[in-house]
Structures are given as structure tokens and as C-alpha cells.
Amino acid sequence: MHDLALQKPGLVGRMFRSLKLPLSDPFAVFGLAVYATFLLTAIFADAIAPYDPTEILYTPEYELASDLRPGEQGFILGTTSLGRDIFSQIVYGTRSALIIGITAAFMVALIGSVVGLVSGYFGGWVDAVLMRLADIAFGIPFLPFVIVLAAFLEPSIWNVVLAMALVLWRDTGRVIRSQVLTLRSRGYVDAARVCGSSDLKIILRHIAPNILPLSFLYGSIAIGWAILTEASISFLGFGDPQSISWGYMLQDAFASQALAKQAYYWFVPPGICIILVVSAGFFITRGYENLLFPKLGR
Amino acid sequence: MKSTCRAVMATAFLALAAAASPAMAGDPIRTIEILSRPQASQPQEFQSIQLIAQEWRKLGLTVNVRVMPWEQMSDVVWYQRADWDSTAWQMVGRPERSDPDEIIYNLFHSSTAEKGYNFIGYQNPEYDAVAEAQRGEIDPEKRKAMVFEAQELLARDQPNMMLVHPKQTFAFDKTVWKPESIVDQSGIGIRNTWTFMALEPLGEKKDIVLNSSDNVKAINPLYISGGVDSWVFELVYDRLIRVGPDGLPKAWAAESYEWKGDKTVAVKLREGMKWHDGKPVTPEDVKFSFEAIVSGEAPMYAPFGSNIESIAIDGQVITFTLKKPAASFVTSSLAKVNLIPKHVWEPIIEDLKTKEANAESYQEKTPIGSGPYKFERWLTNEEIVLSANKEHFNAPKADRWILRIVPNVEAALGMLRSGELNFLGEFSGDPKVLIDAAKQDGDLEVVSTVEMGFRYVAFNERRPPFNDVAFRRALSAAVDRRLIVNAAYRGFAVPSNSVISPSLEFWYDPKTLAELKTGHDVAAGMLEEAGYTLDGGKLHYPGDTKETLAK
Amino acid sequence: MSHLKAVASRTLQLALVLWAVVTILFLMFRLMPGNPMAAYIDPTFTVEQQQALMAQFGLDKPLWEQYFIYLGNLLQGELGQSFRYREPVAERIFALLPNTLILTFSSLFVAYAFGILAGAYLAWRRGSAVENAAIPLVLMTRAMPEFWLGMVLLAVFSFWLGWFPAGGTRPAGADYDSLWALYTSRDFLSYLALPALTLAIYSQGLPLLLMRSNMLDVMKEDFVTMARIKGLSNWTVVVRHAARNALLPVMTSFAIAVGYQLQGNVVVESIFSWPGLGRELVNAVSASDYPLAQGAFLMIAVVVILMNLIADMLYALLDPRISHA
Amino acid sequence: MAGTRMRSAVTYSNEPLVSLRSAELHYRVGGALSALRGRSSVVKAVDGVSFDIHRGESVGLLGESGCGKSSIGRLLMKLEDATGGEIVFAGEPISGLRGAALKCYRAKAQLIFQNPFDAVNPRFTIRATLAEPLENAGIPAGEREARIIAALELVRLPQPAQFLDRYPHQLSGGQLQRVVMARALILQPDFVVADEPVSMLDVSVRAGVLNVFRDVRDRLGLTAIYISHDLALVRYVCERTIVMYLGRIMEDGPTEDIVHEPLHPYAKALVAAVPVPHPDQSHDPLPIGRGAPDPRNPPSGCVFRDRCPRAFDRCASEVPQLRQIGTRKVACHLF
Amino acid sequence: MTANLLSVRDLKVSYRVGNGHIDAVDGASFDVPRGSIVGLVGESGCGKTTVARALTRVIADNARITGGQILFDGKDIAAIPERQMNALRWRDIAFIPQSAMNSLDPVYTVEYQLNEVLRRRGGLSAREARMRCESLFEMVGIEKGRLRDYPHQFSGGMRQRVAIALALALNPKLVIADEPVTALDVIVQRQILDQLRELQTMLGISVILVTHDISVVAYICDRTVVMYAGRVAEAGPMAGVLTRPAHPYTMGLRNAFPDLAGAASGTLTPIDGAPPNLAEPPPGCRFAPRCPFSIEVCSTESPPLAEIVPDHRVACHRASEAPVLREIAARTETWLAHA
């Protein structure tokens, strides 16, 4: 009567299933597809990109290959004012976008989940301390914080990740905490205690699997945040010029007056990539919300 | 395209590999660092450094470009003088730098190596002698020969790798301003005090509206607070002398001036001048202005008055007696120090003497000067409004001078085209874009001129291998300056091999550039000749030199 | 009575948060590498001059002493002296705050007015083609980098169409009797339009989505069903019952959005040459003007924290379940 | 009185298995947010409750919602720690139990939950659900299956093997409640608290679960507490009943005595209010005032006095103590 | 004027679920005589609440009335246009929900919500409405001073009284009370039932009381309709149905119920099994799989709702044997053997 595969999935399968990917929502599927595409692009960037994204291309006569329009001299999306291949930058930009996005999301989801779990499960002074910390984190304006951090440390994409890890766990932490509070009042958690299960075991077996989708949801929001933040930081000139990101490309384009040059091929593609990846995260998020809080959806 | 680039690089490596003799070799040279500011703030510098690093790598060096903001970079370069290898650097043009002394002496004299401007630690007694001698020489022709000698010594030693003298590009709306009324000040460009006084309106619009990307910090005659600020206070305050459009000193608030011996200058104050509050400008005010800067309350201006032994007044004539002979005194002090009203500033300075803060942090609500424009209004981070001082001896033809703060280059250009601005006072973008825009628009005129300032890569002479002249010469020779001009400056610069700009025609020694030979082969040849070897694609020290600074 | 106590206790709690933020800020700015004044000490200065300068800014004292001086000054509304401008930080910040606030609030009013109406409409039309198209569109507006949107709007509406000026708050050299005269002038509106629109487009998504999902939520509540069973008109059911209840969290999100918006202004102010607090912060940070950066950061943090408090109170005020407990 | 029942044969030992001695559970309702709502007070969920339960005895805890009956269950299960008083199990206070001793206690005292759908983890199969206590008690993996089957048979779940790999949502409420019972019984405890185990079930299946509970208890000689708001159910399961109101015991005595002649005014009202499924019944108004108990603001003195038709001065000033009246104990100034 | 205020005939309501549909009510028929309280009783999922809501025609988005008639005052309100139906709502047919907490709008005072109905639906002036509010509160026994309170400020029992006041506001002919006392404690439950009965008698209205609790029916109802799996199993005068049940399900329920009035009895007897899944209902009688008396025809043919004694209808193939079956059903073994 029951599918055998469903009954005894392997650990990976179980993990995957407990993420509860929202595969019934068409937008969420679209979002997942966008992620998958960009993920593959990032992994195979070396093979896809025809040039090193930071390589300054010029002819043997020291003629700079700059401001070429798409298609000219074989450059798919043309070149920047500094003679770099835009297409290759887009491709490599995917890599840094995803590295930033995913590590930031991972940090935010991980820290937030741990805080939420510990705070919600144990309550008492642990909870009080952690939630006051969250209050403080809520009092720190995020973008200014990243700017200050970026200015103090050397420009690096990791500043954004660090700042997010330091500040943005607060939202995830609070939501997961309240979820844990609900879960904690569930009968089966009490039942597990009455059965003699240890706190750790209860957290890992009974509570954590239930908040995994929620962590994932906040993770996918965080991916978007991270990418947008990195872009803003780059735009303001606190970015890391060594690693090509879409935000860096936009900053480069605006600083080089791509608008005045009407170089759409330069400032539109990175913008679209950002919008795609970030909204893909939102779409997945929305699919999750429909799944987790079905009363919200239709 | 790509394959051609790679081919060029490949042949270069082959050539080097063949030339290398691995028999006698020192340690491989450590990773060389080169500092640069971020692309966002300094795109040309950043691009130049990328190109230079690319060329140096072809010589077998491992080069690491470290990007840091200006504040951090200046901190490292100035205060950790033993800790960096090489850095991008720049000197900007200022009217008072029309006299070569500041550059020739301060940047390279061994006395400034420990704490002063000679942060690269260049030590050459021969050069020191020349630099000192030109200071005391009042005869221009004799002094010119000395300045030439100094330039040639620098070209030989290559303490720095000179790159370019950039061109400054400005634009204005020629339907608003009469193009002939624009004044081009050599080495400075058309955005200068002379232009703002001379601009002649063609129609109803009589306000000069120009932009700056940087905020105005202070309008304070006793505080050197920054480039944009000087645009403002040069208009509000007069000076005895102003550097003329030709780069040479020109009597201004002084009716005339005269050297009496090599330590005495007599200045006759123009009659009938008035402060903006209506009080007359007196020789007492002038004397006070020069005393105020050495009162201890204006540390930044103090060096410009420290050579003054005494000031004597005789009617309208003010006589300055110097401690040491200084040929540059007229340009660098008389044309630098702002004339301030004694009745305003004396009580302020007296008050400040009792406090920790000094005059640099004092901001008048309404700055009072005697200059061609009067202060009207200052809106924080938005705009500064000055109005023409119609009673001035050189009254401006425009009505008002309005400086708008526009941080975004695109917006500045857009505003110029839409008429929100009628004078582009600053343009950090791509000059070609500006020229294209002018062509399309038809109302705009763009003017580009070579700057007095220059861009260069400073070598830290304290650290091997930069202590080796041959190594420095090779590194400098490795980069064709045309590459920098074209690739980084889009043609809006001229190649340089001297600290004196060709815009200062009188002082500039053209031989320095003419004799500079560049190219990869030239550089590789120099290194080989000096005993550097290439092993496994990595450059090694000559002989048995050890690497002492590797991390 | 107990409300007063509750407000007092919440205020106290936020005061503690503020203190923590202040301390973090202080440490952040003092413990970073390098001499804090490096960029402002002219190399030609003598050691004495440098020390005098350090003393002028109180940087020669031990850290803990600096901290207490800093706290003491803060309590007197004293934010220190800007390195760069050599003038009191508070003066600059208070000169810029009104500009930032008016930009923030006007954009948020537009965003919320639109978002609430559109959100309620979309909830009402749930499942329709309009809704299916609108939701992804709205999500995409939230995914757009603000500066990108700002630049595109600038290019289109200012450079190409010439409908709006490109930057600033007023025509060059224009003088107004007071801030009030400025803010109520037509010119000001045309200068405000583009930056406010940029921010509004970015921020309308939050109230819209919130309103919509709250509406959907509330429409499933028993009391809405009951209103139908009572035979009340659709309008009464949707507006008086569903929308009124759905509005509650949206209204409180407004206060929190003010906090977020204030941070977002950093970027938009740079694009539209808007003389505000965000731009000042960026400038101060890149110029290593720590007292100023600290002051601007603190000001933004204060507004953020204050808004959190207001959000709490607003909720308590608007929800009779709390206000009439 | 309970003559038809098999358990009348069981004799109680003198030593009580479970004792509550002035047990208290006070919650501080508060924190900033509820302070914002203008409420910050102490809720006395359990306020000075004392009773003994002897080995083999079954006691019903009866009361309206908020009377503290479930809180006593949670205290006994050590899901909450008493804020005052003492709870003694087999001669030992449970407040200090930690580590191995606690594990040992967990094996001896078990809880049957109210809502079976809530009490089992929806992600776990029935096998995994039942294996958890065995795992914790260190039963070797090889023995578990047999114990699980035995437990399921004990609760009369037919063909237990077929349920092992099912998930909770694939079972009916009645079946699931039996699984919950099986989990409670699998470690062969001495003492079981059943917290309204049938209140979530449909009428037609309630009886089955109640019967299983009764039978198993008798067969294993369990000591039990049955928590309920329904006197009819308590009467079906327990020979002794404790009536609670706002955290305090009102009356404690043999169930049949309370059913037929309640002494405490509250117990009287409660008994009168119990609906019966017969057409012919009294429609007399209840001997109780209108209104509802407010646990946040209980009246002074006797907590029931504001609804009590027979309250007098003393009730407001003095808290009535539980006193022995014949077969029972009653907390009322009338006696 | 008909004797029955309401006659439901073969009512069918179905829910769209995923791609399929569930017939939650599959041919329910019963009558509500004027001035009577009719108890609609059954286990969870039997369709009783769906019936109640269908009578107001305000049902879930995914539900639809797919057949049958609802004759209210002789008019088939299942067929009239929405406008006309809306005119009837609350003026003629009012509703008391299970949880007054959730069905009162939390952001308005109780007075506002009463006024809303009185003025918008009843057309009363402000003054009239105020007086009516006060008299309504008096009627349900709440001090009028509490009119200005918000719903959350009332206790559960009080809220239920407010809900009753609200339902009576426009003098309806029919009040549908959906589990009005389920969430309440026994004492309050009893008080509310007393109140309801009192008002019903006083105003002479008809009440449909939906409940899962036979005791509630026994306490207050004149008639009862027993539902099982979307159909009516048995309907008739309350005393008749409870004392002489003719449907095996009703008989079984009686055995499963503990009874405080009786002696401390031996054992309760459950009905084995569980109600059928309405997505795939069994053919024939829906109770057949759990019925100890089922015969062959039970699992093939759906029994009609037929009158066995006057005014007492039963849907059972063996209805004629009812007295005998009743005897057998009283024995525990009957139900155990079946299991």
C-alpha cells in the first residue's frame, strides 16, 4: 500500500524531504530552476566564461579593447570601459553572488536557528539573554553597519557575509524561537520528555526537523538580502574590486557612465541577474509560506 | 583578440626564459606589493596599477595589488614607512605649485625622508645640493638651469615611476556664457578664479551654477581644508599676489611688489579696497593676516609664514623680511595667504588661545573677506551661494556664484545638459562621454588642458630590491606610458617622466621624457644586465643576495 | 496606570538597547586598526602639533576614560567634533535630519497608501489573472537594487524626458524663509518626486504583501463569515471588518519600515544629490571622519530604535485587545 | 459500591505511592510584552494542594478548565517543577531527581495525553514512536520489536504488526490513542496519569479507549490519576475523586459519595450541571452564581465565594482548609 | 402557514478538494416545526455543521449546494437569488456560532457590532438601536454597562450570551446554533442552555441546535435529527429517539455514553471502527461496516428515510425489527462479537 521508497528513505533523502521543497507552486519551481541554472553557471564558470573577468584586454598595439558593443569583435555582451569582457564578468559574478548569498544565508539560517532553538527550548535566562541580544541587533541599522565594517576591514565580499552573520540572525532567531515555543508545547515533545529523552535528543529529533523548512525559508530571503547588500556596498564604493560581482559591475558601469553612453548591454544584464536571483529567492519563500502557513495562501 | 593577447604574453615569456642563466642566482624575489585606491574613487589610478602589475608580472615578478581607501593608504605610506613596497600616488595642481620649489625640494630632499614628504626615502647628496641651491637663487634663468638638473637626476635615478600628467576636462554652457570670457590657467584648467571673475553672461541667466562631488568642509581663511573649499575662499578672500593664468605671480591686492635683496620683499597695498562689511582694508589687516598664521592657531598655514622674520608698515607699503632667502616666497606665501580683517579675527584668535581648539575649527557664520564674491548662504551638503562684489577692483560680470554638491557623475552631466548647471566644475567621468554629450547637445563647450599635477608609482627606496637603481629603472621601463595614457586615461593625459608638468613651460625639461626608453625587452635587458636571473619563470636577485623581507 | 508602567518598562528596555548600540559603536570606531586621525594629520606637523590635535579630540586619554567622556557628552546631546568639518557633529546632523525624514516619510506614505489599497484589492481578487500577474511583479520590485532603479528613473524622467530635476532639494540659489516654506513649495515637490518615487517603488511591496496576506487571513476568520451570515453588504464585510483587522499589523510595520528605509536612503541620497543623513554617513565613513560617522550612525540607530518602540505602542493603541485589556 | 469491579480485591498498602504536600505551581505572567497589555501578575495554577495516592488506587481529578488539574499532572510528570511544596514518589521527593534517577523515575511514572494527534510526532512511524522510550531505557534493539508488539496487544490494537510502519495520520483517533497508551505502558510503569484521554475522541469510540484503560490498569495493578472535567467519565474509571477549583482542592472522597451527595457547594453545582443523555431530567436552575472563574484575579478567602450561593462573611476573610468530613475531605466553612 | 417553519429535503452539499469532491451532505431531509428546538446531532465529520451553514447559504469557498430544497416558510431558499437570500439573513435566519470569541470582530465594541446589525440590517435609528441594545443585553442577562466593552473583555460564557443577543437582535424566526456550548465548562454550558430555552419559549422562535452531545439534545431539544456520514440516520421527537432508538447507530451511541443518572454501571460499549471516508463512501448504508445487524442488502442498497412510527423516521433496512434489535443492542457482547 505504501511506496517502499517513501517509507525508508536514506539520510540524504530524508534531509531533502524534510526541507519540504515547495514543488507544487509554479513560481517556486521557477525560482528553484533559476537557482539551479545560476548554480551550474557558477560551478562551471571557468568553462563558460571566455575570459578572465579582470583581465584587461588590449591589442598588441596597446589599443584597449574598451566600450565594444555586444557582438563586436566576438564579445557576446561587449566590453567595459576598462576593456574587460562583460559576459565573462556576468558569469563570474554569478559565482561571487552565489558564494556571498549562500554563505550569508547559511550563516544567518544557522545562527538564527541555533539561537532560536536554544532560546525557545530552554527559555529562562538563556532566552532572556539571547532575546536582549536580538533586540540590540534590531537596533543596529544594517546597511550603515556593513558600510562601517567594510570601511574598517579591507574591502572584501566577506564583509557582507560577516555583517549579516552578526546582525541579521535576529529575524530568523526570533521567528524560529516562536516556532520552537509552539513546537515545545506540542504534546509529543512533552511525551518525549516523559519517555526519558534528553534535551539534546528532543531538540534534534523532534524540534529541529520541524524548523528546517523555516530556516530554509529565511535562508532564501537572506540570499537575496546578501546579494542586494553586496550590490549597494559596491555601488557606494566599499566593495571588493578584486572579485567581480554584479554589484561591482553595476558600480563600474555607473562610474564609467554607462547611462550616458547608453550602454544598456552593460548595466542591464547584471541588474536582471540580481533581480532574477533575488526574486527567485522570494518566489521560493512564497512557495514555502503557502506550504508552511497554508492559511495565508489561497 | 584573445588569442593575440595570449600570444604576445607567451613570446615574452619565452624570450625571458632564454635569457636567464640559472647558474649564479640569488633568492627569488618575494611577492611585491603595490597599493592602489579603489576603482570606485580612482578609476584611472586603479586601471593604471592593474596594467603596471600585468607588465611587471611578465618580468617574472609576483605582484599583489592591494586596494585600500585613501585614508588607510595614506596611513600606511606616511606612518609605516618601512612596510610597503610601492604605491600609486598623485600630486595635484595648485596655483602656488606653479613654483617648482615645493615639488623639487620637499619630495626628494633627504631632510624630509624621515617625517616629511620624502616618504619614499630617496637619499642622494648630489640631488640635495641642487635642490638647496635653487631655493636661494632669485635669478630665474640660473634657477631654471638648476631645476633642469634636478629633473635629469630624477630621470636617471627613477626614485619614482612617473606615469602621466592628466588632462583636466571641464565644460560650460556656451549659450549662457561668452566662450571668449573663459580663462585657461596653465596647469589648472578653466575652472579657476580668473574665469569666475571674467565669465560674461550672454543673456538673462547671470548666475554661475557649477558642481562639485565633494562636500564643502569649511570656508575658513586659516584652514587648508580641501580642493573644493579653496574654490570658495579664493573668491571670498583676496591675496596680495595671485598666480596668473600664465602660472607666474601677478600683483593683486598688492598694487606692486619688489625684491629688495634676497631676503626682503616690499609690497604696496592697493588703495580703496573694502571688506565685505564695508570697512576699509588696511596694511594693518595685511600684517595681521600674516601674523595670524604663525600665532599657533592655524598650524596648516604656519609653514607659509614661518620664514618671515619681520613685517614693517610704511604707509601703504608693507615690507617682509625673511629669515632665509626663498625664491618661491612670492608664489608660495604671498599668493597663498588669505587677507583677513583684523577687526573680525583678532578677538577670535585671542579667544582661541585660551582654548584647546584652534582657528581651523572655527567657522564664521558669515565669512568676511574682501574678494570678488561675497558670502551669501551655505546649505549643508547642498549648495553654497556667493554674490558678486560689485565694488571690487576686479568685479565679476556674473551676478552670483552657486556651487551645487552633486555626488553622482551621471547626475552632474545630466544637470549640465538640462541647464540645472551651466558650468561643469568637476568631472570625474570619462571625458569622451562628455565630448560626445557636448556634440549631441550643441550648447556645451568642453575644454581639456594638461594639469600641473601628476600621477606616479612611488618606490620605497628603503626596501630591497627597490634600493637598487637598476631594478627601479627596469620596472619603470617595463611600462609604455602610452599604454597608461590610452588605456587608463582614455587619451586624456600626457606621458610623464618628470615631476614638472609641461604645462609649466618655463620649468619643464622635455629631455627627461624624450630619453625614456620603454618596453618589455628594454626592461628585461636592464634586469639581465644588472645580474637578475629568471628561473622557472620567477625573477631572482643578482649574485647571492638573500631575500630578507619575505613574509 | 499599568499602561504607563508598561510604556515606561518598554522604554527602559529600549534605552538599554540604545546603550548597547552606543557601546558597540564606540568600540567599533575606537578599536579599528590605525590611528583614527591618520587622514587628518598633515605629515608636516611636528609631534607636538599632532599631539595637540589628538588632545583636541580627546584621543590622548585611555580608552575607558574616552568611553565615559563619550557617554557623558551623549547624555548632554553632545556628539563630538567632526574631524573633517571641524564643527560639532550634532549641528551637521540636525541640519540634515529634516531632509532625510521628509524623504523617508513622504516616500513611505505613498508606498503605504498604494500598498494598502493594492494589497486589499489583490486579496479581494484572489486567484484572478490580475493577482497572478501582480504578485511576481511586486516581488520583483523588492528584488531590484535600489540604486539601479534610482539610476534608471533618473535617466528616464530627468535626462530623457526632462520632467524632473536631477538632484538637490531646490533650484540653484533659491531662498526660502524657512524649512516649512521650502517643504511646501512646488519646486520642492518636483525635486522630491524622483527620490521619493524610487524609495516608494521599493517599499510598496512590504505593505502590499502584508496587507494582502493579512486580508486573506482575516477573510477566513469566523467573524468575517459571521458578517456575511448577518447579511451585511460586501463593502461592509471587506472594508469594515476584513480590511480594518488586516490593517493593524500593516500600520505597525510602517514604523519599522521607517527604520529600514532610513538605511536604504544611504544609496538613494547619493544618486539624487539629496543632502541627507545617509549620504553624510557614507561620506564620513569614507573620509574616516569617525565622530561624524558615529554620530550619523547613532542618529539612524536612534530613529530605528524609536520606531521599534512606536511600532509596539501603535500596536497596543490600535488593537483593543491590548489597549482595553 | 464498586462491587462489580475486579479491582475491589486489590488492597492498598499504607504507604502512599504518590504524595503532594502543599504543592504549588505559580506562573509569573509577564515580561515586557504582556506588561504592555497591562497585565503582569502571578497565576496560581496550583495553590497548596495536598493529597496521597496509595499503591493500586485510582483517583479522578475533576474540575473546570483552569482549575489546575492538568497542571498537577504536569507536576507529577516533572514537566514542570513545583514552585512550592513537595511531591513525593515512593518515599522520595521528585524535585531533586536528575540524570539516572530521573530516567528511572521516567520509566516508573507515565502520562497518557489528551490529544492523540498532538501527542505523537507526525514525522515518526508508530514503530519509531514506541521505540523511543525503549531506546531511552537502554533496551537492546533486538528486543524492542517484541516489546512494541506486546504493548500494542496490551491496548487491544488488533493485528499490531500492520501498524508499525504507518504514520500517525494514517490511524484513526481511537487507534492513535491506543498507541499513546501503549507508549505510556511499554516500560511497565507503576504510576500513570491520564489527562482527559478521551475528550478529543468521538463518543462512539470513547468507550473502547476507556475500557482498555480500565482493564490494563487492573491487569497491571497500576496506580492511576484520571484527569477530567466530566464526572460521568471519572465515575466510570475511579473510585476516588478530587474536585478542584482555581488551583485548590474543594472536596476529596469516594466517587460514589460525591456523585450522590456532594458536600461542597461547588461540587453540588458541578454534579447538578453534568448533562445526562436522558429525556427525563431536572431542569432546575443550578445552585451557583453566574460568571466564570478568573485565575488571574481569584477572590480573597475561599476562591469559590463569588459564585457560591451560600457564601458568608468568613468566606471572604479566611481560606477554608481541607477537613475530614466522614469519608471525605471538604474545604468549606459550612462544615 | 405551514406547520414546519423549515423543511429540508434531500439537501446535498459537496466540497471541491483537489481534483475530486466530497459529498459532505448527501441527501439530508428533516423538518423544523414552528416554535421548537431541533437538535442536529452526530459525530465529527457527519455533516451537521455543513447543513447548518447551508441553511444560511454562506458556505466555504470550495463548497456548493448541489441539490435538494430548503423550504423556509414554504419558500425554497436554496433556489432564490442571492439578493433575496441576503434579505432573509439575520432578519429571519440568525446564527449562533460555536466560538463567540472568533466570531465577534475583535476591534469593535460589542455595542458597535449590535448597532451594525440593528441599523444596517434592521433599519433602526440611532436612538432606537441604543434602546434595543440595552434591552437585548437585559434579555441575556448582562449589565448594559458592558455594551462598550470589547469582545475579549468578556468571559467565554458571557461572549456566548452576547452572541445570543446578537442573534436575537432582529427578531428572527429561526436561530441556528452551531455547537453553542461545546467550548464551555459544564456549569456555564448548563446556564447558557437554560437561557436559550427560556428565550426560545418567550419569543416563540425556532432553533436548530447543532451538537455532538446527546446529553445537550436530551436536556433542551424537542426533536432530534441524528446524522451519520452525511446522511440523516434517524429523526423524530427527542424523547422517542432517545428512549426508543430505531437505528442501530443511535442504539450504539446510547451504550457508549456514561450516564451519571444511572447506577455505577458495569461497562460502556463502544461502536467499533470509525466513520467512513466521505471521499469514498461505502455503497449502501454508510453505517453497515460498523453495524452488528447488517445484512446483505445493507452493503448494496442505501436505506430510505422512512417513517416507522408517526413523526419518527429512520433510515435502516431493518427498521421494522427495531424493538428486537434494541434488546440485542443493549448487550455488550453484540458489539464485541461484531468486532
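Every chain is named by a letter (A, B, C, D and E) in the order it is written, and numbering of its residues begins at 1.
Heads up, the rule we're going with is that contacts are C-beta pairs under 8 Å (C-beta built on N, C-alpha and C of every residue); 3 or more make two chains touch, one makes a residue touch a chain.
Here's who's who by UniProt: A, C = ABC transporter permease; B = Twin-arginine translocation pathway signal protein; E = ABC transporter ATP-binding protein.
Computed from a predicted model, the values in this text were never measured in an experiment.
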| item | value |
| --- | --- |
| Chain of greatest Cα-centre distance to chain B | E |
| Contact-richer chain pair [A-C vs C-E] | A-C |
| Intercentroid distance (Cα basis), chain E paired with chain B, Å | 92 |
| Centre-to-centre distance between chain D and chain C (centres being mean Cα positions), rounded to whole Å | 54 |
| Computed distance of Cα centres, chain E from chain D, in Å | 32 |
| Distance between chain centroids, defined by C-alpha means - chain A, chain B (Å) | 44 |
| Multi-partner residues of chain A (at least 2 other chains) | 151, 236-238, 254, 259 |
| For chain B, residues that touch 2 or more chains besides their own | 41, 69, 408, 410, 414 |
| Complex interface listing, chain A residues touching chain C | 27, 132, 135-136, 138-145, 147-148, 151-152, 224, 228, 231-232, 235-238, 247, 250, 254, 259, 267, 271, 274-279, 281-283, 286, 289, 295-298 |
| Residues of chain A that touch chain D when the two form their complex | 2, 7, 18, 186-188, 190-197, 201, 205-206, 209-210 |
| Touch list for chain B against partner chain C, complex | 41, 69-72, 74-75, 78-79, 115-117, 119, 207, 209, 215, 217-218, 220, 223, 225, 299-300, 303, 356-358, 360-363, 377, 379-383, 385, 400, 402, 404-408, 410-411, 414-415, 417-418, 420-421 |
| Of all residues in chain C, those that touch chain E in their complex | 221-223, 225-233, 236, 240-241, 244-245, 248, 319-321, 324-325 |
| Complex contacts: residues of chain D adjacent to chain E | 1-2, 4, 64-65, 172-174, 202-211, 229-233, 235-236, 255-256, 259, 269-281, 283, 285-286, 288, 290-292, 294 |
